[in-house]
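For reference, the structure discussed in these notes is given below.
Here the chain labels run A, B, C and D in written order, and each chain numbers its own residues starting at 1.
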Amino acid sequence: MYSFRNDYSEGAHPVVLKALTETNLEQTRGYGLDPRCEKARALIRSLCAAPEADVHFVVGGTQANLLVIEAMLKPYEAVIAAHTGHINVHETGAIEGTGHKVIAVPSPDGKVTPAMIESVPELHSDEHQVKPAMVYVSNTTETGTVYSKAELTALRQCCDKHGLILFLDGARLGSALACGDMTLPDYAALADVFYIGGTKNGALFGEALVFARPRPDFRWHIKRRGAMFAKGRLLGLQFQALLENGAYLDAARHANALALRLRDGVAALGFPLPVESPSNQQFPVFPNEVVSKLQDMGYEFEVDHAVDAGHTQIRLVTSWATPEQAVEDFLRDLAVCADR
Amino acid sequence: MYSFRNDYSEGAHPVVLKALTETNLEQTRGYGLDPRCEKARALIRSLCAAPEADVHFVVGGTQANLLVIEAMLKPYEAVIAAHTGHINVHETGAIEGTGHKVIAVPSPDGKVTPAMIESVPELHSDEHQVKPAMVYVSNTTETGTVYSKAELTALRQCCDKHGLILFLDGARLGSALACGDMTLPDYAALADVFYIGGTKNGALFGEALVFARPRPDFRWHIKRRGAMFAKGRLLGLQFQALLENGAYLDAARHANALALRLRDGVAALGFPLPVESPSNQQFPVFPNEVVSKLQDMGYEFEVDHAVDAGHTQIRLVTSWATPEQAVEDFLRDLAVCADR
Amino acid sequence: MYSFRNDYSEGAHPVVLKALTETNLEQTRGYGLDPRCEKARALIRSLCAAPEADVHFVVGGTQANLLVIEAMLKPYEAVIAAHTGHINVHETGAIEGTGHKVIAVPSPDGKVTPAMIESVPELHSDEHQVKPAMVYVSNTTETGTVYSKAELTALRQCCDKHGLILFLDGARLGSALACGDMTLPDYAALADVFYIGGTKNGALFGEALVFARPRPDFRWHIKRRGAMFAKGRLLGLQFQALLENGAYLDAARHANALALRLRDGVAALGFPLPVESPSNQQFPVFPNEVVSKLQDMGYEFEVDHAVDAGHTQIRLVTSWATPEQAVEDFLRDLAVCADR
Amino acid sequence: MYSFRNDYSEGAHPVVLKALTETNLEQTRGYGLDPRCEKARALIRSLCAAPEADVHFVVGGTQANLLVIEAMLKPYEAVIAAHTGHINVHETGAIEGTGHKVIAVPSPDGKVTPAMIESVPELHSDEHQVKPAMVYVSNTTETGTVYSKAELTALRQCCDKHGLILFLDGARLGSALACGDMTLPDYAALADVFYIGGTKNGALFGEALVFARPRPDFRWHIKRRGAMFAKGRLLGLQFQALLENGAYLDAARHANALALRLRDGVAALGFPLPVESPSNQQFPVFPNEVVSKLQDMGYEFEVDHAVDAGHTQIRLVTSWATPEQAVEDFLRDLAVCADR
């Protein structure tokens, strides 16, 4: 049975595997100072319409988050995030591990709004409190929702008003690009720094950080946290493969389309999906016995939380690798489990 | 022209590439909790004759070093290393970045001896000084030398006497295994923790940490430093591929053999190699003009240091991927450059 | 006009000043290894009926908090506190500065309850989340409330059930001792570590940390964070002076009595005090114009928060040094300001 | 018998004790935002002829060192110090505790020279090594030697050439001012930041940090490390008392004069003093049995190191509080012990 547990269950997208195989015996310098990384950086700057941007590759999302925050904040500065934000919940205190407080604001849908930022008490604090210096958002968010261009523009203005850095975690940027109204140049224009997530959209690993302004010393930060990848060209290679002929966006569109097929099929069977998600994560609510039956059949997914004594919200994730048939099979088996 | 710059210039050993390709569409859980990692862990425990050992995979060497040191030391404890040790010189203060002092002891050949440990003033210090709690060694060392079993046994005894943890950095353990008298069970018996380096011996990336005693909370440390690899099974897969049929040791033997051929060829042409290295790094001293001519011909290697106004010590590194012909070509061209 | 801003506006309690003056030219070793500190430690162990306890002196409260948390938690462990807790709000991220997350639980009255602890999602988390390992409480709390012995006993049981350390910040322990049902032996029996606050009850500076079990290495932690006081005997001297003849408790009783006189006088004038505080901090709500008039008259106090457009909650703090007349003057002037 | 162990064995200089006593019941705001601190800051700026300087008070030297280094360096930057430097040897890894490497350069007399700085390999390093960004010196040094104005000017020029910050630890600045050719305006002109040590020259505690340029955010750093002193006016008071009528310099002159008397008396008895110190620390070498006899008589001092099997170098320290008679007694008893 298919696993809808996450979008990194499989290996690499075929274009990535092909690139790795074809270039396997090339010799290059290490640590990202190679022609493959150079090309990928140039390609990303071009796709972002941001010739001044600085591009750095790292292996994973938590690494990207902690490095950006550590590099851009002073020790006593803090980062504002939704209470559901990945850095607040799912990184084992990695941000605090670099010495910085995460100021969590309650968010109903995983998004941060200007009103939430304005409500942070520390915003006008003195030296007895941390100093907020950055806003962290994710697109798509941890609950599958997607920021519109209007929303991110409003956040940018709020950040400008308060002198805050805007950092956008793009671990699932592919899915957001494939369903929202934001383009890569929009991200580059609105965020001080964001990343194009590879791991969750077809790469074996890798996140491409795009800084609006040059950060030459970021390489020192990377190395100091053990995040400088020895065979660095593998990072460049993968982004080049995914981005140069549109595979990245195609893969995300495929994932989103199957997620919407799941959503519609689940809804047609009468089950609620309280989170309105247009992206590759869907959060249906099923009676507990339906959840158990699906698990007994071998389906894998994450249990999000217990809605009440009899119902559970689960998470279904699709990816570039999900076969259409797997979705149809799931919906058919769901109908069986639910006696509908 | 061939690059002798390092042993991670190419991609993956063929057995690794094959394993990645064949399993590409398998679905597994992330973060190392998958059957591939389980198998690799079991295989390593078996090869180490250490059924109680705890095995954790991380992506790279600096990551391995900082995680082990952070996990095993209290905040005020320090690690003793050779002044040439990787953690002292080449990790951008990664160890200090976790809050720990590296106590560097001068070493003529990259090795740490019991006498050097005994000479550390902090060894009998009070609360105004850091408290040494660990000895860090590498095998092979940063200068290509190799610890014998007798030497490591003596270090172990010294560590026991002073209550010190013995940590062995095995980024180049393959090369050490292929030329020294130490076996994997010896490492497991003598070190509190060591690692089997993948990156420098055929893996795309990856180091396998072997702890003598279970460290279940090490996964929290890994995650907190952004070092938990999402598609974790790739780490298990690679070590399985390299270790289960001997490719790991064969690859290292190949690298060592070509390094010795380089060494002998260089010596036959009358150039000194002051560091007596039996491993895959060789450090010949050439007249500056010979170095320049080799570079002009397109050879790549690292310049180690200026020996005097007219002579430079360089580093030549071989790997699983180095063709025999590249070595012969180099020696022939060296003779030409040197007019011999 | 008198300042009710805090309980550390003046210098030292007379018994402290006398002790400093009389012993000024004594010569002792530094860093707390002197007979004065020895005596104070013995006295505290005796007053706590805790012969096994380990006593360490530090200069201030934030220092005490960050040192205890850093010394007792592993890097990935976190501390649970009320959202109003000093470590969450007023220490500029000092706890995060040692690498630890503060998990804030919403609290209506500044106290932590077992139910709040049980509600922490991270309590049953895996390695993707921090691991709660400690509960931090203050007595008196930041809002002036006081834990009863029954409440702290219930917390202790909850901590035992979940393997959590119980740490009690006693910056205002004097005030709590003078009005609650907890004695020093009770604190020593229920908390893993707590402190007897000097700064806010008559000392020039100083907090006496009492650990239930010996922590010989705590001196290393103290020194590493720059918190080892050179003329250490000053810390011992002050605690000896305050504790050996009851001045500590008398001072706190005086402060509490004047605070209750303030409370009753304010209430008699018809103003609400929404926080029910039996201790030396009172939080009355006044119309904004009354607040302004009091300030214009020269009274000093902290503005806590705006209750609504027309009313403000302020904080009035009394201390060992507050003259009775200052309280009566304030109440008389308040009546004038309020036209009552 | 008198203790020559250190210059912080006693309490406070009389002018300090008088100021504390006279102002004891004044009410002021906490945390250094009071008129006493304001006056002391103005006085220091004036004495330094540095109207733009920023003055911050902290309690002790290790605190001062770690705060300055943390505030002025980026995470991957390092500080160069003599191998005998206080931050390298006697602070339990406090600097590493803030994430920074101390690059120790061997120094025969405790001083750092431009040649030593130029010899630091990391000075021209890449992102695999820490980046030196600061030079740390002490005056007087840990071995009692004193930098001349010419020496510090040369260091300043070397720092300018390499873009390095010059930080001068003035824990014993009094002694240096009283015997060298450097004035307070010279320090303010040559160092980016230095401090005027109180603890070792008559204050109960306190170091006055003088930054050449405003550092308004330094208060955030202070608070975050638990170093913001609640009754902050005590810091201002003490420096005002010591500095406004010359007590600071007089105290240091007294200490130096007695140290030189010790030096001359010791030398007259035929004992060597290998370290040529013009300041309040003297390092005579005695036969071991003389050391033992002095200790048996009750004299206290630190044992510096064993010179050879039969001889020991000790440290004798004088202070503002040392009576002349104590020195004469010591010399007389030394003659007796040595049979001369």
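By our rule, a contact is a pair of C-beta atoms (placed from the backbone, for glycine too) under 8 Å apart; a residue touches a chain by one contact, two chains touch by 3 or more.
Given the structure is predicted, the values throughout are model-derived calculations rather than measurements.
If you tally contacting C-beta pairs, which pair wins, C-D or B-C?
When B-C is set beside C-D, the one with more contacts is C-D.
By mean C-alpha coordinates, which chain is most distant from subunit D?
It is A.
How big is the gap, in whole Å, between where the Cα atoms of subunit C centre and where those of subunit D centre?
34
Express in whole angstrom the distance between the two chain centres, defined as the mean CA positions of subunit A and subunit C.
So the centroids are 43 Å from each other.
State, to the nearest whole Å, the distance from the C-alpha centre of subunit B to the C-alpha centre of subunit C.
The computed centroid separation for subunit B versus subunit C comes out at 51 Å.
Got the subunit D residues that touch at least 2 other chains?
Residues 75-76, 91-93, 97, 99, 127-128, 220, 223-224, 228 of subunit D touch two or more partner chains.
Enumerate the contact residues on subunit D facing subunit B in the complex.
By the definition above, subunit D touches subunit B via 75-76, 78, 89-93, 96-97, 99-102, 127-130.
Could you pull out which subunit A residues touch subunit D in their complex?
Subunit A residues touching subunit D: 31, 70-71, 74-76, 99, 127-128, 131, 217, 219-224, 228.
So in the complex, which bits of subunit B are touching subunit A?
Subunit B residues touching subunit A: 2-3, 5-6, 8-12, 17, 20-21, 23-30, 59-67, 91-94, 97, 199-200, 204-205, 220, 223-231, 234, 300, 321.
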